[in-house]
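Below are two complexes that have chain A in common, paired first with chain B and then with chain C.
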Partner chain A sequence: MTVHLELPAIYQFPPLFTRQPNKSIRNKQIETWINIILTNCEQCKIWTITKQGDMKIIDPDTQQVTTFNIFHNTEIDRSCSPIFINEIWQMMQKQGQLLNRDGKDLKISTDSDELQTDEEFYILWKSLELWANEILDWFERTTQLNKVVTFYEIVSSEDNFNESFYSMPEPLLYQILKILVKRGRATMLKENSKYVAIKVI
Partner chain B sequence: MSYFHSVKTKSSGRPLLSQNEHDIIICDSVGLYEGKERIESKQNGRIFLTNQRIIYVDNTSPINETVALDLNEIGSVEYQPGFLKRSSRLILFLSPPKLNPVQDKSSQSKEKSPNIRESDDDNYSTDWVCPICQAENKSNGKITIESTEMPACDNCGIPMDFTMTEDSIKHTMTKIVKNKTTHNTESRMVPCPTCTFLNHPSMKICEVCGTKLPRQKREKSSSKKHIVSLIRPQYIQISFRKDDGTLFAQATAKEVNDLKKVGIFNQNVASINGIDVKPSEEVINIIENSKMKPSEKKIEFMGINGLERYRETQLMNNDILFTSALQDLNKLMSLAESIETLYKMKDKNLKLNQGINKIDLNKQPQSNLIIDRDKFSNQDLFLDEIAREIYDFAMIEFKDNEINNNVLIPLVDFYAMYNKAMRIGTGLISPQELKDACQRFPKLGLDDLKLIKLNKRILCLATTNSFDFIQKEILKILTKDGGLDVLKITQTLNEMANDTEKTDNDETVKRQNAAWTVSIIGEILQSCIDNGILVIDEQMSGVYYFKNNF
Partner chain C sequence: MKKFGVAAFEDDERVYNETLKQFDKQTEQLTEQLGIFQEKLVEFANRHNEEIKSNPEFRSKFLHMCNTIGIDPLNLYVGRDKHLFTVNDFIYELSIKIIQICRNTKDLNGGLISFDELLNTYFKTLNITEGDLVEAIDLVSTLDGGFEILKIKGTKILRSVPNELTNDQTKILEVCSIMGYASVSLLRVNLKWSKVRCKSVLDEMVTSGILWIDSQTHQKEMLFWDPAWIAKSLSN
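The block that comes next holds the complex of A and B.
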């Protein structure tokens, strides 16, 4: 099982996994965590993360899927407490780096029992606005304006393999495109009561 | 200033006492005067009365300006209460210097001369023959025509008629004065009322027949009389600025008087170094009996016979005295032996842990000032003195105990230590008093120790930079290898302390008494975390500390 993650040296620092009692230090610690998560997700094109920190990493060669929990360092045998993980999530959401699947605000309770395995978040290593600008830019570059383009085409077309938003989950794309709609630059088309395509003017 | 002796003081500004010395009373804010002159450098200090000295400790420079005056140099003491702006004073008159012997003699001879003139008449005796019965008479004194009272004839009892006896009068002047001693002995010879033998004046019983002789009044020698020198003795004044000092004055007067009365060292002492000086009851009985017997026999046996008996009993007495003396000597020897064995044992111990050797030598038994609550007129003074004692105690106790003389001890622990070590028998102090006393350190100029509050909850007694020092040490350890728990950090710290000690003293014996307690280190770590210097790694097995790398 090979994980191609480039983790910084601080990841091997045991106190990283303990919620620090000093508030200012804790804030720095959380920042460090967010930094680790974001850089890793960007590198490996990881869009989702479970509430417990599980990430699905797809090996680009073998297409093998491995699950990796960022909050558990097997090497030094350290893991974060759920309370601390929640704190990290809250901070990420505050900074617009985390999105709930349905686009609603996170309801993070401090009660660890409510952590459910299936709950997943979208990781935004770029903010929604930035993504929206990038997609708009793509529309303009590829002369797709005034054409109806399906979500699938945007994120899964082989032509877009080198785009940063390639392999982006469609629900996330929907959230980004909603911004364009709000700006009045696009309209979305429905099929079976579900948005599947967009036309950018 | 020759009567002032310099005194060693401790860094806390308390005098070092010599052996067998103990303090009696302490008075604050006093000034010294030599005669009527102020001694400028000694105007603000504390004064200690001990059983041997009066010690002045300057408040501003306790090391240079501290002086002591031996109590036996003080002739008399006078107390002057304060008047208006003048503060009350205690005047110590120093004993007058020894008199000039030449002066002494001349004054003596002057005294003598009138005596001789007076006794001129007595030295004459007159021999005359009674014109009536022709009996030869001898009468004292010079008889001239002017003499008003004529002596009567011993034989017929008719008073002498000068004109009729003029021819027979022979004046003989018996010069007796030449040799004073012979005069005394001859004239004072005591005739025995029974056998008329002239006994030596110092005899109590007739040498021949043993009859008790009439008592003689011994002439008091006038030569021993001291002439009071007209020069006023030197004196020193102690001026009490704060209180009226009556207590101190009374105590000094008492102490000076006591010292004069005692005269001989160790008199009236029940025991010296634990050996009973008072003879046991048996011995007393023997001595008393032997004393009683001769006095009875004195009357029973008179004369040379009696003297012999008397001598015998005296010899017996001497025997008893000698035996008791020998017994005492034996006791002393056995004590000395036990002391020797004790000393040897101590020597062995010392050899075992030579590391402590040096400290022990420094801690030679010294009489300590006993700070008694009753000696202080107010709480303030008492706390000041307690503060000094605490300072001393802490400095001695922790001198070699911590790394580079850094002390950090919770006040609670220190309270127990101090009360146990110093206050038993003299009245324990309350925690509040200890705290108050510790807060006085800066006021008293004792800058090495201070009271700090760790983590806003634990009061600690610490040397000024100890906290920073330990923080640095811990940080050093944790930078070298992070992830240690409290116990490991404490161990490492103590090992470091021992290592430095080792290199310092070049000794192979590892010292065990350099020890930081885990609780203290824990508190310091806590404060380091609060400062953001350290971070923790909390595990099931415990909390591990790391240097902050975030």
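The block that comes next holds the complex of A and C.
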């Protein structure tokens, strides 16, 4: 694999993949997991993760896509149980680090042993509020105020290659921009009954 | 012009956003000023080094100030590698660091941390020897916080929780120091313990957070890992 994930030494520690019975240890364990997920997603700009922990890593040079399951360490042959993974998702949701694709609260049950395959989450290494501030700052910095800017331009224009939000999925951007609308700083424009652009004042 | 109804809130919104912007700007300026101040402080400390050393009142005020603005006194140097403070102050600061590290890692390792881990991960950038650590721990042990140095298979380990390790627990940690883990069968073969004894001591150590369980082995037996393994794998 050409993409380098930065996995800490504890990632090779076999018990990290087994749910620890001691509560304070388990909290530390979950905290460790969240750290691993957030740091790697931020570094490789991985915006989504499936409920099982699959992340798509795109090689910046070759554009090749590799799927990597964070909860499965092939090197030491250990993986997290669905129940434990759910516990991690729950904690992340509580801390505002995870968002459902449609922006609604996730339904995570700890009793259920199965993980549906199609579900995917957005990983928020920055909170929605913080993202909103950063995008607002960009609007002001690049004098885009009072202009209609499409979602596509914000996240996909080559001019924004060095911006932290470059390559962000548009539905996630929509969730963030909604905050600006709520603050009364922006209005969104529809095309074919779908929001596609925004004007910030 | 005065607006009425819902429209009256629009102005508030704008004012709010502008204040927000101003706050951001202020934070930026303050950070910059603080940076300059820190630089000056180090300069000041270098110039008045002798006085800081000789005048205890001045010294304590200086240390207090350092703490308030977030400067680590351990990072203040006079010249290249001579620390700003006399040995005693240095050890004093070091012992505070050690307490902090033990607090932070307590949930991870159950209050047991090896000297190797302290030296190789936390004090890597500072010129600190094993002797310094012993001296610093000696200093805090008078506080009755349960700090104690243990020796397991020749390596020094610092225990920061007040519960005494039993003989059996120490034996298990010895086994762990070789393989990284222990298991019921491993203990039965090597220490000739009964199954019940192995199980109860291991479970006890999991409860107190000293060992982590691993249920995914091929031997179909639970393994009990010592978190010290994590730091050891770093140095290998």
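A few comments on the model shown:
Methods note: the second predicted complex is superposed on the first by the 194 of 201 C-alpha atoms of A that agree within 3 Å, B and C clash if a C-alpha of one lies under 4 Å from a C-alpha of the other, contacts with A are read in each partner's own complex, and residues count from 1 in each chain.
The rule we apply is simple: a contact is a pair of C-beta atoms (placed from the backbone, for glycine too) under 8 Å apart; a residue touches a chain by one contact, two chains touch by 3 or more.
Everything numeric in this text was worked out from a predicted model, so none of it was measured.
After superposition on chain A, the partners chain B and chain C are seen to clash.
Of the two partner chains, chain B and chain C are each touched by A:N22. Once chain A of one complex is fitted onto chain A of the other, the partner contacts of A:F13 extend to both chain B and chain C. The wider contact with chain A, measured as residues touched, comes from C rather than the other of chain B and chain C. Look at A:R183: by the touch rule set out above, it reaches chain C but stays clear of chain B. Overlap of the chain B and chain C interfaces on chain A comprises residues 10, 13-15, 17-18, 20-22, 24-25, 28, 78. For chain C in complex with chain A, the touching residues are 10, 13, 17, 107-108, 110, 181, 206-209, 212-217, 223, 225, 227, 229-231, 233-234.
Across the interface of their complex, chain A is touched by residues 483, 529-532, 535-539, 544, 546, 548-550 of chain B.
Chain contact summary for the complex, chain A toward chain B: residues 10, 13-15, 17-22, 24-25, 28-29, 32, 78. Within the complex formed with chain C, the chain A residues making contact are 9-10, 12-18, 20-22, 24-25, 27-28, 77-79, 183-185.
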